[in-house]
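The data blocks that follow each hold one structure.
The same chain A turns up in both complexes below, where it pairs with chain B and then with chain C.
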Partner chain A sequence: MKTLRVYAILYLCFLYAPIALLPIFAFNDGTIIAFPLRGFTLEWFRELAEIPALHEAVGNSLMIAVFSSLLATVLGICAARAGTRFEFPGKKGILGLIMLPLVLPEIIVAVSLLVVLLQLGLSLGAWSVILGHVLICMPFSIAILNASFQSLDVALEEAAIDLGETRLSSFRLITLPLVMPGIISSLLIAFTISLDEFIIAFFLTGTEPTLPVYLWGQLRFPQKIPVVMALGTLLVVASVILLTLAEYFRRRGAARTGQADSGGFL
Partner chain B sequence: MSESKALPKLGQSEAAQGYLLIAPPLLYALALLAVPLGAIVLFSFWSQDYLTLDHALTLKNYREAFSEPLYGQLLLRSLMISGAVTVVTVLSAFPIAYFVSFHVAPGRKSMWIFLITIPFWTSYLIRVFLWKVILGYNGVLNTTLQGLGFIDEPLTFILYNANAVVITLAHAFAPFAILPIFVALEKIDRSLLEAGRDLGESHLMTFWRVTLPLAMPGVVAAVLIVFIPTVGDYVTPRLVGGPGGLMIANMIQTQFLKLNNAPMGAALAVLAMAMVTAVSILFILINRRFLKGSK
Partner chain C sequence: MKDTPAQSSPIITLENVEKYYGDYHALRGISAEIGQGEFFSLLGPSGCGKTTLLRTIAGFEALSSGRLTIDGRDMAGVPANKRPTNMVFQSYAIFPHLSVAENVGFGLRRAPLSKAEKARAVGEALEMVGLAGYGARAAHALSGGQRQRVALARALILKPKVLLLDEPLSALDKKLREQMQLELRRLQRQVGITFILVTHDQEEALIMSDRIAVMFEGQIAQLDAPQMLYRRPVTRQVGEFIGVMNFLPARATMTDQDHIEVEASGLGRAVIGPDQVPGGFHPGQTASVGIRPETMSILFAGETTDRRVATGIVEDRAYYGDMTYYEVRLEGVERPMTISMKNLVGRPVLDRGAEARVAWDAGSLVLFA
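Up next is the complex of A and B:
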């Protein structure tokens, strides 16, 4: 199966090609994004520190990502627990609706929310972006949390109740610690998704651009591209750190509940 | 009645507990997904003249969508492009999923899956923009090929057209195709394959008659999860598509944010979703014999 291995390695190169080029141009001392390279510079990173509009956008994005990931994870815990622990009529349909944004084109989510909010006479802002982001983060949170809740042994909770704990306290003392790694992993993934999401933010952000919306505006100006490359490099480093943390917690959770590690978030 | 007696003990029966727990996410999805989607459908039957919205129900937008060739062309092109993206992505992803599932040591599988998913989580905008850098006239690919002496003139058929959109989207949706197929392959009982071979089938025939049919639920999931969202992609056609590679999402955005004609945009969104749903249902029906045994 040598050919298959060679193909897999080539495919990984294809997957990593864009990200690999990013730092090359971010440190390149030339305004044109093409080979040959001109020399090493830190100029573009220095410029990043001097753009107030960028800092504001980063602030907006971080705030939106924090609230979106918290809300998506709390709602995700409810859905994942209900879905794995209880049977009730209409469960499939209800979960189907909640998971729908996973396949729905983001532009559909964006314009439908836009239409409703404008009809209600509400003004757009960070809060409307949060509403949309929770919607698209929730399915990912549920997918991650499902894995944690599924591997949970119901007998543990029942034992706690038999020993005199209430339903709530047994959830807090037994269930929560066991699914905590899944919760942290869900928070990190939702945070990453929200931080990176463009279309919904583009439609719903009003006058306070998020980081991707700001980036989109910069892509039109060729002279700004090297700075965008520097920013992109930092973003990639940040997401890789977040994802590695999320993966670490996911694996720890898998180990804690004694399930075999099959890998992957979805 | 036993049901009315059970009422005070709400939260005791299993179904009631389930409903109580599912209520917050369900209400959220109803209010912010189901209602807005309904509103879009309603909107598509209204009309707008500059800034005033006419609430009288009309088929005007749909008539315009069908009579104006540009709309039909964009809708059709969006379907064709996402169809092509789906074929390319799923066909190129299958061998990877197969490789990781069958030829990677169990302890290293999650490492491979992690490696495959990392690029997907990094800034979408920047990834798409870098494909423009790679595929451009003076781009990385052309300068490399010229430097190596493979071509004399830069290739021009790879940027600002539908090809560029297909390549870029195939890259963006790769993990979405790999993961469901990988999961389906992991579920296959390996002893079935041995049985096939013991009974005298070749490797290729075992793959064709045992592995592939059992992997089909994953392939169907991969097809749907790539096909449906790509129809509505906005960023990729805008950045690398050029005029010949624009898709319906670009027109929806123009109608909503530039032309102030939300009802027309809504009608186009509804039409796009209707087409995608029709194609998806057709696809599921064609493959239903593979899906029967799976949950």
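Up next is the complex of A and C:
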């Protein structure tokens, strides 16, 4: 038992120590990333506020993340509803193919998308990154939304129709509020994935880099590294907040429909 | 024998209704009339099409062919939300994110009523099902019996012409179920609306219904009042499905229009009337007679009777407290038959292997083709 405990602690250190180093050096008063620390400073965070290229990259990333998460979630709702309510030929195969990007190497997705887009003679830009991000966010959205739709009794919508509502209004009045926690959870996770994603953005971004691509570019300049550390700290904090929110909504949804908690991503 | 007609003018008519799911023939030529204010049951084993029939009446399934009218209107092309029917679902389908009052008042959303009028209607509906004062509660916190009452109130608040109930009692425990059976019956008399109940529980159907349609494999095998269904089943299958019935191989010949002579193995010769052949007499076919356990009795030592008597051996018995069920093998018969006896004061209980004299009447025989 003791060795297992030691192993568990070592494992957690391996996992989180590098992330813990981010804030430490983000507040360190020195341009060299090495111990001993040289004192506390907010200089790097102040510098963050003064780089226009960085602000543009943040703007790009936020815009791409918002559209990617919206699209992935809307398409995810359609797929999850179709998958849980209806039987149609080839259903298993189709749903399997939609989930495939979950295990497909991102670099392959990125390169193939790049080749196809260039062959079609299309110019790259934010829209092509959104396309790629929707592709990799969809499996996560569907997995979350599937759980929401599966826990819904099919008779609920029928009962609303039976009581005088149309198909559309019963979806809006009954189904939507009940799967809303799943939708919020899907939006947040897709947003986080898109915001952090590097490989697809790197290949498909064109001349307007996203935040991770911009960050990667800055690593070539040693004197910029503390600024990157500060930025990384902010990103980690934002990601943790978003994922916590997503999990909160997923659990609340499970509790509200009286379902047993069947796991999730967190 | 013809099906028993409705006692009132029909609210629902079904003419040759057919339903296919791909190759699967779910409803095969259903024709029936369901009367105004009638408590009507669709009874059958699972997969017989009873729920499909209920859902076609509700409008959740389209007919493949045939005609359905409700209150004189042809329902072809009329969607579920425009039909004068409401449904109590097997799972109750209580909206979990709404309160009890919001659930019950859901159907009034589009009604041209003021807020106060709607609140009063909700209050009345809740009172009717014995849940007065529960309006503010969260729906997901209710017990099974309470959910069922909320589902009833929600379906009745629109004052439908027909209330459809899809196995509404199957999720409740035995005691609550028996209580709800009587309460549903009382509620139906009170509101005077036609109730159509789907159930696989023959006892439940017998207790509650004015008339019952027994369904097998997408067809109505018999449509009758409970007593007729029990005493005069048209086929062996119906007789077996409802209660317990003993079957004995028999030969039958029609002597004249009002008399049929039956020679049943174990029982002997008897003359019966044409009403005892509810499925119709077909000379020359291999036949059997059916007889219910409680229409026979075992004669104890010294007892005499002017009824017909057959003799056999007690193969087994089951003592239930109020009743004893005997398995008696009559002379010359392969399978033992079930006979039920009330355990009256001073009446002995026979043991296995005892000789039994069985009293029976020609009037309780039913002849099947």
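Operating definition for what follows: the second predicted complex is superposed on the first by the 253 of 266 C-alpha atoms of A that agree within 3 Å, B and C clash if a C-alpha of one lies under 4 Å from a C-alpha of the other, contacts with A are read in each partner's own complex, and residues count from 1 in each chain.
Just so it is clear, contacts are C-beta pairs under 8 Å (C-beta built on N, C-alpha and C of every residue); 3 or more make two chains touch, one makes a residue touch a chain.
Here the structure is a predicted model, which means the values were calculated and not measured.
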{"item": "Simultaneous placement of chain C and chain B on chain A, clash or fit", "value": "fit"}
{"item": "Which of chain B and chain C A:Leu219 touches, first, second, both or neither", "value": "first"}
{"item": "Dominant contact partner of chain A by residue count, chain C or chain B", "value": "B"}
{"item": "Computed vertex angle (chain A) for partners chain B and chain C, CA, steps of 10°", "value": "90"}
{"item": "Chain B versus chain C as contact partner of A:Phe249, first or second or both or neither", "value": "neither"}
{"item": "Which of chain B and chain C A:Ile94 touches, first, second, both or neither", "value": "first"}
{"item": "First, second, both or neither for A:Val116, with chain B first and chain C second", "value": "first"}
{"item": "First, second, both or neither for A:Phe67, with chain B first and chain C second", "value": "neither"}
{"item": "Minimum C-alpha spacing, chains overlaid - chain B and chain C, in Å", "value": "8"}
{"item": "Parts of chain B lying in touch with chain A, wherever the complex brings them together", "value": "14-19, 21-26, 28-30, 32-37, 39-40, 43, 92, 95-96, 98-100, 103, 109-119, 121-127, 129-131, 133-134, 136, 138-140, 143-144, 171, 174, 179-180, 182-183, 186, 224-225, 228-235, 239, 249, 252-253, 256-257, 262, 265-266, 269, 272-273"}
{"item": "Residue ranges of chain C in contact with chain A within the complex", "value": "58, 60, 79-81, 85-87, 89-91, 93, 95-97, 106-107, 109-110, 140, 154-155, 158"}
{"item": "Chain C-touching residues of chain A, taken from the complex the two chains share", "value": "153, 155-156, 158-166, 174, 177-178, 256-258"}
{"item": "Residues of chain A touching chain B in the complex", "value": "1, 4-5, 7-8, 11-12, 14-19, 21-22, 25, 32-36, 74-76, 78-79, 81-83, 85-89, 91, 94-95, 97-98, 100-109, 111-116, 119, 131-132, 134-135, 138, 142, 192-193, 196, 198-199, 203, 212, 215-216, 219, 228, 232, 235-236, 239-240, 243, 247, 251, 261-266"}
